[in-house]
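Please read the structure below before turning to the comments.
As written, the chains take the letters A, B and C, and residue 1 is the first residue of each chain.
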C-alpha cells in the first residue's frame, strides 16, 4: 500500500493527513504548562520558588535526554542485527517513534492531565518523557514482527498501541493507583504481549523461505551492540525519569544500575553453558543483559535495597537467556509465535517478573523502612486508607490488566493487520530492506574487492574462452 | 601542502605554530569567570546565592554535553555516508572542530565579553557552548565541500569562518539585538551560504572522474544514521542550551522536540513519493528529518505554541526533501554548485525559514501571551523602547546580515582556497581517504572471504594453466 | 577453562558463585545513603535544605551518566579496531565492567566509607561514579592484553585489579591526602602499569603467528572512532564528576575541554610527520587525541588556568603520538612488552605527566589565586597545617605509590595468570573472536557478493571441467 509497493500515494497521504490532524488537535488541546510558559516568573513568585533551578526541567531533562537516546538509538540499533534489515530497523523505528510520540501526548493528556476548567492539556518535560515511554511499548512490539510487516502496518500498530497504552496506563496508575515508574507492567508487559499476540495472528508458516536473510553478519552484530549498550547504560535514567524528586530518582537509579550489572554476569554464565563448546552467543549478550532493567521497572523506586536489586538481576539474566535457548523455539514451533527479536525473553517475561517483584516489595513495605509511606506510595485522597498489603494486591491486579490489554488488544489489531491491504512483504522477501528502501548499489565495491589473483584468473578464463 | 602530499612539514608547522599562538593568546586574554573561579564562594556570598546548585554549570552543563555530542559525533558521523571517505568525515571533523573552538573562544570573547576594565575574557560553561555553536557553522560549510578539499583548506576555511561568524554574530545579536538562541540565522544560514559559496568558487567541472566513489555502501549508511540520530535527539538541547534559565530552556526544548517529530513524518511522505517504486531514500531520512530543528533555531524560545512548532516541522520536512529531489540537481547543473552533503537543503534553506519564522513570531508577540515582553526579548537598556513590530524587522534584518556574510565571506575565502598551494585532491581522487590517510590493508581479509568453491576454481585454473 | 574451551561448567560456576557472593556481601554491608533513602525528607529538614534539587543526585547524575558511557561505549568501542576481535572488545569489556563495579562498591566502601558505628557502607551517586572509575583502571589494563587472554583471565585480572585499586586509592587519597579527582595517578598510571606488567609477564614470543589478525579493516576503524569520540567528548565529565560542587566541577570541565582540543592539533601534526607521505594514521587519531584528558586528571580542578590546560594538551599530543611511533616498538622488541592498544602511550605516560602536573600546580598554589586554599585542597583536620609545598610533595609521592602498585601488582597477578589453567588462546588464535564466540556464518553473504561476471566464470569453469 505504501513505501515500496508501487502505490506510494496512499502512504504519503496517510502521513500528510495524520500530521495535519495532529496539528489541529495540538492547536485545540495542547498548551505549555506553567513551568514552560513565559508566565513562570509569576508562578515562581506565587509558589515562593526562589530559583529557576527548581523548575522541573532541571530535575528531569538529563533523564529525558537519556530516555530519548534509548528510544531512538537504543531500540533502533538493537534491531540492526539482521544482515540486511538495518535500514528498516533504525529507519522505521525512527518513523514509528516520531509518529507515536505526538499521538501519545494527546492520548496521555486526555486521560491523565486534561484540565477540566480549560479543556486543555498542559505539557512540560515530564509529558515528553511519558510520550517517549508510551512509544517504547510500541517499539517493543515492533521487535516481535521485525522484518515481517510493512511500514504502514507498523504505523497502524503504533496508532492502536498508543491508544491502548493510554487506557491501560490510566486504569493501572490512576484507577488502581498502582506504582509503575519504570513501566515493568505498563510498558514492557503490555508491549511484549501486544507484539507477541500480533505476531501470532500474523503467523507465516512459510517464513523459512527467507531463511537466508534471518541471520546477522559480523558488523551488524556490532551495530546492535550500540543499541544494547545505550539501553543498558541509560536504563537507570529510564527507571528514575518520572519518580519522585530527590531520593526517589536517586534510589531508582542506584537500584537499576546494580540490577543490570548482576544480569550481565548470569547472562554470560547461561550463554556459555548453552553451547557445547562453551562459546558465548551474541544474541544473549545483546538482549538478556537488559532483562534486569525491565524487571526493576516497578520496584526501582521502592526500598528494595541494593542486594534486592542484585537478586532481581541475578534471576532475570538466567530466565531471559533460558528463554532464548528453550522458550523461543517452543513458542515458534508449538504456539506458532514468530518472535524476531525475542521480545518474550527481553520484555514480556521480565516485565511480568517486574510486576510480581513490585507487588511483593510494596506488600512488604513498612513504616520502619520507608518513614512515612505516604511519600512513596502516595496514600492520599481517595487512597488514604490503603495499606501496603492492599497496595500489593492492586499492583498484582495492575499486572493482569497490562497482560489482558496486550493480548486482547494484540488479537484485535493483529486481525486488522491481516487484511490484505497493507502491502506486507511476501514470505521470501521478509527481513530484506530491498522491499522498502533504495539500497546503494554495491556491485562496484565488490568488483574492487576482488583480490588481484582472481582478476588475473578472470583474465585467464577469458583468454581460455577465446581459445 | 600537508597531510598526505609529501610535504608534511608545512602542515605540521601550521598546527604547531597555531597551537602555540593559541596558548599565548589564551595566556594574555582568557580567564575563568566568577562561577568557575575558586572565588565563587565569595561571589555566592556577595550575590546572596544560597546553594552551589545555582552555579550556571548546573543549568547548562547537560545541554552543553549534548551539543558537544552533536558537534563531534553528530556532524562527524552524518558525513560518513560515503563509501570511502568515512575517515575523512569523522577525522577531519574532529580536527576542524578542535581547532575552531579555541579560536572561537577568543573571537567571541573579544566581540561579546571582553571586560573593558581588565582587558580579559572571562569564560564559563556558556562560553564553551557558544564556541561549539561557532564551530558548527564551519562544520556545516564542510558538508558542502566534503571530499573535495584538503585538510589544510578545511583549517583555512575554519579560521576565516570562525572570524566571520564572530563578527556577524556581534552585528546580529548585539547591534541589531535580534534573538537567535538556536542559531537559525547566525549558525545555519551563515554556515550554509558560506559553504555553498566556497563550493561554487571551487567548482570542479570534471568531478565525475571520481564518480565511482560518490555513493554509499550499506554499512556506511548505517554509520551515517548514528550521526543523524544524535543530531535529531539532542537538537532540543541545542536550541535550549543558551536560552533563559527556567521557562526559556524548558519551552525551547519542548518546541524543538515537537517540531522534529513532525519533520520526520513529512520527510518520509515526500521521500516515498519521489521514487516511482515508492521506496524510501536514505539520503532524505539522514538529512531532511533534521530540517525542523534548524528552522526552529530562532523561534524555539518564543511562545510559538506546540502546534506552531508542529507546523514549522511539517513544512520543513517537505521543503528539505523536495530540495534533495529538485533543487540540488538544479544547483549543480545550472548554478555549478556541487554540494556533497546537500547542506542547502538541510541548513541554508531551513535556516532562512527559521529566520522568517522568528521574525514573524517576534512581531506577533503580545503581552497577553508573553507576560512582560522584557523577559523574553530583553527590551532593556538601549532597546527599552522597542516594540515587537520593530523587533520583527530587526530579526529579518539579522537574517539578511547572515546571508550577506555567508555569500561575501564565502566568495573571498573560496578565492583564497583556489590558490594552487593547498594540496587539494585531483578530480579523480576526490571522496577517497587514500589521499590523506594510511588505510588498513584489506586484501588479506578479502582473500579469506573468498568462498571455498572459488578457491577450488582458482586451483583448477592453475591446473589448467599448467596443462 | 571456560567460555569456548569445552569446559564451560567452570566458567558458569565462577560467574554464579561470584554473583551469589556479591548478593550476600551487599546484603550484609551495602545500604542506601541518606540522600537516596526514603528518610531524605527528614534529612532535609534536619540540614535545613529547602529543595530536593540540592540532593547530590542533581549535582552529579549527568556527569555519572557521561562517565558510564565512557566505561561501556568508550572503552568498549575504542578496542573494536581489530578486524576480528570486536565481539571480544565490546563484549568482554561489558562483562568485566559489570563484574568489577560490584566488587568496587564493596572494596571502596570498606576502605573509604565504612561507617564505624553501623558497620555498613552507605552508597549514593558518588559511589557509583567511583565504582565506574575503579573499573576504568582494569579496562585500561585490558587494553594491553586485548586479544591475548581468555575471559576468565580478564575476570581474575579485574578481581585483583579492583582490590589493588581500592588499596592504592586509600593510601593516595586518604593517607597521603593527595588530590586526584580525575584519576591521573589513581586510575591511569595504576591501570597502565598494571596492564603493561601483566602483558610483560605473559609475553608471547610467537605472537606473530596470529599476525594476519593484528590489523584493522576500514569499518572496524570507524567503530573504534565511536569509542574515541565518546571518550573525548565526555572526558570533561570524567574529570569533574567528583570534584567539589560549584566552581570545582565547573572549572574541571572547562580545563579538560580546552586541554583535549589542544591535544588533537598536536596529535595530527606529529601523526602526519611520522609518515613519509605525510598521511595520517588512524591509530594516533583514535588514541593520542585522548592523552590530554588523562594528563589533566589531577590538575583539572586546580586553578591551572585556561592556557595552562592548553599547554598540557599540547605536550601530551606530541608525547603520546611519539610513543606510538617510537616507544611501542621499543617496548615490544627490547622490553618484551606486547601492548595491543598502546596503553603505555594513552594512559601510563600521560598519567605520570598528569601526576607531575598536579604536583607542580599544587605546589605553586597561592591564596591570591585560590582564595582560601582550604576549599580546594581540604586542609582541614589532620591536614590543617599542610602548606602547598608539602602538598606538592605528597602529590608526587602519590604518583610513586600508583606506579609501585601497578608494577608490583601486575607482576604478581601476571604470575597467577601464567598458570596453565585459564584457557588462554594459542598464539595462532590470538585476536580471533572465533575462540570464544559463536560467530555468524558469513559464507552465504560472500556468495551473494560475488559479482555476476565471476559467477559466470564459475559456470564456465565447470563447463570446461565437464569437457
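General observations
Heads up, the rule we're going with is that a residue touches a chain if its C-beta (ideal position, glycine included) is under 8 Å from a C-beta of that chain, and two chains touch if they have at least 3 such contacts.
Given the structure is predicted, the values throughout are model-derived calculations rather than measurements.
By the residue-number overlap criterion, the interface of chain A with chain C counts as different, with under half of its numbers used by both chains. The angle of the rotation carrying chain B onto chain C, fitted on C-alpha atoms and rounded to the nearest 5, is 120°.
One inter-chain figure worth recording: chain A and chain C are separated by 31 Å, centre to centre, where each centre is the mean of the chain's CA atoms.
The residues of chain B that reach two or more other chains are 50-51, 53, 58, 62, 219, 226, 442, 450, 454, 457, 461, 464, listed in rising order.
Looking at the complex, you find that chain A touches chain C at residues 50-51, 53-54, 58-59, 62-63, 66, 83, 212, 215-222, 225-226, 229-230, 232-234, 236-237, 245-247, 249-251, 253-254, 257-258, 260-262, 264-266, 268-270, 272-273, 275-282, 285, 289, 303, 305-307, 310-311, 314, 369-372, 375-376, 442-443, 446-447, 449-450, 454, 457-458, 461, 464-465.
Those residues of chain A whose C-beta lies close enough to touch chain B in the complex are 2-9, 11-12, 14-16, 18-20, 22-24, 26-27, 30-32, 35-42, 44, 50-53, 55-58, 61-62, 65, 68-69, 72-73, 76, 80, 84, 86-87, 90-91, 94-95, 98-99, 101-102, 123-125, 128, 219, 223, 226, 435-442, 444-445, 449-454, 457, 460-461, 464.
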